[in-house]
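Letters are used for the chains, namely A, B, C and D, taken in the order the chains are written, and counting of residues starts over at 1 for each.
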């Protein structure tokens, strides 16, 4: 019985407009599968990666700059996508680097989403001077470019973290810094939608029934803003991944012993003229593919859900 | 409108103070300037003496107060690295950054709006689809990488454009411009593309979605029903209505352009304030960092103000409300 | 000219199709009607009956993916449903004017009304800017805008709803078209203003001999204004005839139901009836006559065979049993 | 492909022809001079630029040998062992036409001895400087100072009247709030004079036609356009595209590309700088390790194990692409006291290292933080990363913290690191300089860069005695003894001597200066 209703749900979902549009849009399908392959590759990196680039004891410096598919002249080791300057397998490093990039991306978006949705709900539902204050802060935040916010957060966090924890800190600081520069989008959309929904009869009715504001917001208003929030989240994810790479270029990103895709590109760009193209090319293509597929998915979502985004 | 402007200006002031405080507190953590200022042969006593001299031994609020005190009088102190007044150093560099930012902004706006309109009008055409997809590549690669790829292609491989610097500049007295010489114009192309590409993509996508929204409006149908030419419908009626939200975002993007100039200037060795800032971080040149951040904040805040005022210019409905309750 | 007046608009067996994932929908199907010079044809029906779609089709402004599928449209003896974009555009505004439902959204909020009039006049008439301006003032004057010359530079938001609709009418008529399509021109207006607008339309029409297709769901408006009336149901015309005939003795069961449910002043003492059920969705049309599930006189035949087409010269209604003439 | 090469070749030819006719040298390196005040900063790029404009009494030529500049002869006084005498060059003029004499020298030395000067340590033994007639000059020290001339090769001479007229008597300091004229303007006796300067952007120098050495040196470069380009890739691109003629700091990975490019060449030479790791071996416990209550680095066996685990050849071959010389001692080969035995590269022996670790009781290893600069030395961060892998093989887990130099060096000064990278150059070409800063117990005057907490009072006495030992043979003996202790105690882990790479157009003829200071008056152009 349960199983039946479950498959029923699935089949209903499959037949919904959403899925119909998905099946009709090759770009969406391809993007989705590419993104999934990359995400799964990152999640199960230890299973797929032939080496663990984060374990320094397994590295042999003499493998450095091995060409793709060509056995190293000293060690005889061979790497699919070559080895980087430290003798790390580029393929494994990309998988592990994807992990960090995706983690930072997802965590930053989650942080921005929680912060933005909460503040947006409060600003829209409660309104008054609290709402005004929140939106003023949002304005200020919008005027200040994310990259500078990130640098500021990074600088400050460095001062407050004990020296032993700085490596772990770097990742979390990236998350917070990028999250802080993205929350405003969420807050604005949610606030707008909340102000519309708030005055609808069913919300008023729930209010009269003595439901607590929090429960009204969560049960009635939140579901109505999920569409736009999903779209923003997707686009923010791509932005966050790129932001992480840019911050790594400025030297405030992931540590080189545990490189993210951005760090790999930063390292790789030093070898552009010297002929070791694989150190730059493969991570860059991976980043491009990831960001592009996420962006294309976001585009498609925007078309389907058609929220009026500003 | 006056009251509105005053209120905004007051809010801006508070923003500036907060930004200043946050920025200043950051400097305590970017390193110690003293080591850079003294050479390899310095002694412990030298370090102490210089710290006292710079006031670095004072608690942080005192340092901040002293900075603000000077800033109000237009004195941002002396650059530790260059030994010259920060105001001189910055005013020498600001022209380069503003010129770069302006050229990129113009590129971004002109191409962004044009392509946005095009892709909105030819919504399902193949050219529009290709442009939309290509534009995503622009936002899917980090700026620094685009810059380096451009250098590789156009400077090293093709040798068409210079890879660094501003070329020859002409001093107009208060403004040192590179736009008046051929080498200067050539030199600005690659950095401006690098810097403007991302913003162009954003503007283009925004214009497109706003335009599609506007094209659904009754007054556009009515304009068509009156038999107006497409050109007039799109550019006279639709585009103008698209501009209000576009101006908001573009205004904010202008701020980002100046901030992202940090990266572009680093890649292209563009002698602007962004490069100055990166060097200041590297050398822990606190007065320069503080002044830069204050300057950027002032710029953002003024851009915001200008954007608000632009609304008044574009939208007659707001003008009508000016005597009323306002916002 | 003959006594019936020359025919301005003639539609024959006309249809519109929309391809969707559920298949092809036909929001307008098998439509035929004529409007003579100086006459007003009312088109009535519930929302979704295909009234507005018909109006849009005639003026050539169907929103993709909707498109004309079969039939012919003739305007002043010229066939216009197969014209290319550019030639159709030249007809819009010049030969066919259109008035939309909501005057609040029909006017471009960012342009003064004078500009909007002038651009329309200059588009269609061989005049210079000065003459166009004079014509614009005259047009405004004609539709009853007080102090037209002074208000020509005003923005739409500076007018009340009724005044704006007058402006819209002025815009629709300023190039002196021979046909005006008025799509719910009074629906969005206050009741007190509705009558003024209707009489304005009527007067303009009489003075210039303009034919009007008046699309509305309001029987009262039809009764007051129209010479003839076409009743639409689920994309098909079910009854067509002189207003008095249709109102007093409707022949189609749907029209009968419609009349019974309308509080016409003339029949004020009658109790209002309702038609059971609702109009079917276009993607779910019943087999046979689309009205049969709600029809009180439906027979088995109606469930199998579509309703008969209307012969403009003979019958008034598309029903197997109307007047008992077509058993 | 062929097209490309042709295009490139044409381009470079075009670039060459323009530059040959104008005899302009477009010069780029990573960093800009910090100031033009000759005594404010004793730092590589700063002295390199000032060397073109101003001159010291004695200069090192491009091979590193001291040769006469503004002094023509010098020597220790025969009457008083505490005095050095100098005979100044006659008929020399500053760029503004003023005449050079002993007054300027006295002024410059006194200026360089003020507290704000960055050269005062080099003159710390000086008690008096005095003129001896118009072209004679004497330095009085607090004891015999045998190596005094070596300290003077970067000590530039300013014009006294110019300084007084322009408020530049005081060395630039950061207090006052006023701009100092001397930090942006320069009036020297050197081969080139300043035309224009924009910090971090562009500095233009032109030939000084009245230079005293016009006939003595090639003087083929007529104009110098100096542009700092920080970004490695951009700098190399500028050379490859023919926009500059001469760059310092060629990234090691790009040497081959530059060398293979038609019209370009790379020349290399050993640099006067050695790269090494320091370890906190003095404290009882460390804060950045995971060993409670003990300091693993205090155990000589652990330090030796670390020394053995570093594969210097691999670093040389892969990280440095052959552009380094593996080192066994923290002393460049130019330095007095260097021997091949001291500099013998320690064997890379993981098994022996593991055995030593077990012996010391760290068979299971330990973890510790390694502090590294990431913008100071050639591939500094990559070297540290490589070391992380190598140390992992003997069980030492490294948390690598790579920071910009502005954050890295304070860690050393404040003793906030237990394991760190440092590089050291020896401008005096004498071991004493190394001992003073790196081996002597850290204190006010000595050992300021010794963050190892290594302290040997006996050795300290010996180090301080070097300064006044005039018997060179005995002094060299003492130096050898000190080195023996430093090596036996494994105070430092030497990595390699840096190699300098200059990339330039084929037509430029020069050798590499071991201090990375090009002196353009020596440069020649092939026709």
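What to note about this one:
Everything below uses one rule, namely that contacts are C-beta pairs under 8 Å (C-beta built on N, C-alpha and C of every residue); 3 or more make two chains touch, one makes a residue touch a chain.
As the structure is a prediction and not an experimental result, all values here were calculated from the model.
Between A-B and B-C, more C-beta contact pairs join the chains of A-B.
Comparing chain C-alpha centroids with the centroid of the full set of protein C-alpha atoms picks out B as the closest. Averaged C-alpha coordinates put the centre of chain B at 53 Å from the centre of chain C.
Chain B has its Cα centroid 25 Å from the Cα centroid of chain A. Separating the CA-averaged centres of chain A and chain D is a span of 45 Å.
In chain B, 30, 148, 152, 156, 278 are the positions where the chain touches two or more neighbouring chains simultaneously. Counting partner chains per residue, chain A shows two or more touched chains at residues 269, 272-273.
Counting partners per residue, chain D has 233, 237, 240, 404 as the residues that reach two or more other chains. Taken together, the chain B residues at the contact with chain A in this complex read 11, 15, 18-19, 22-23, 25-30, 132-133, 136-137, 139-145, 148, 152, 156, 209, 213, 245, 248-249, 252, 255-256, 258-260, 262-263, 278, 293, 296-297, 300-301, 303-304. Of all residues in chain C, those touching chain B in their complex are 59, 61, 89-94, 97-98, 100, 102, 105-111, 119-120, 123-124, 155, 157-158, 168, 171-172, 175. Contact residues of chain B toward chain C in the complex are 217-219, 221-230, 232, 236-237, 240-241, 314-317, 320. The touching residues of chain B, when paired with chain D in their complex, are 30-47, 49-50, 53-54, 75, 77-78, 80-85, 88-89, 92, 148, 151-152, 155-159, 162-166, 266-269, 271, 275-276, 278-279, 281-284. Only residues 55-57, 59-62, 64-65, 85-87, 163-164, 166-167, 251, 255-257, 269-276 of chain A touch chain D when the two sit together in their complex.
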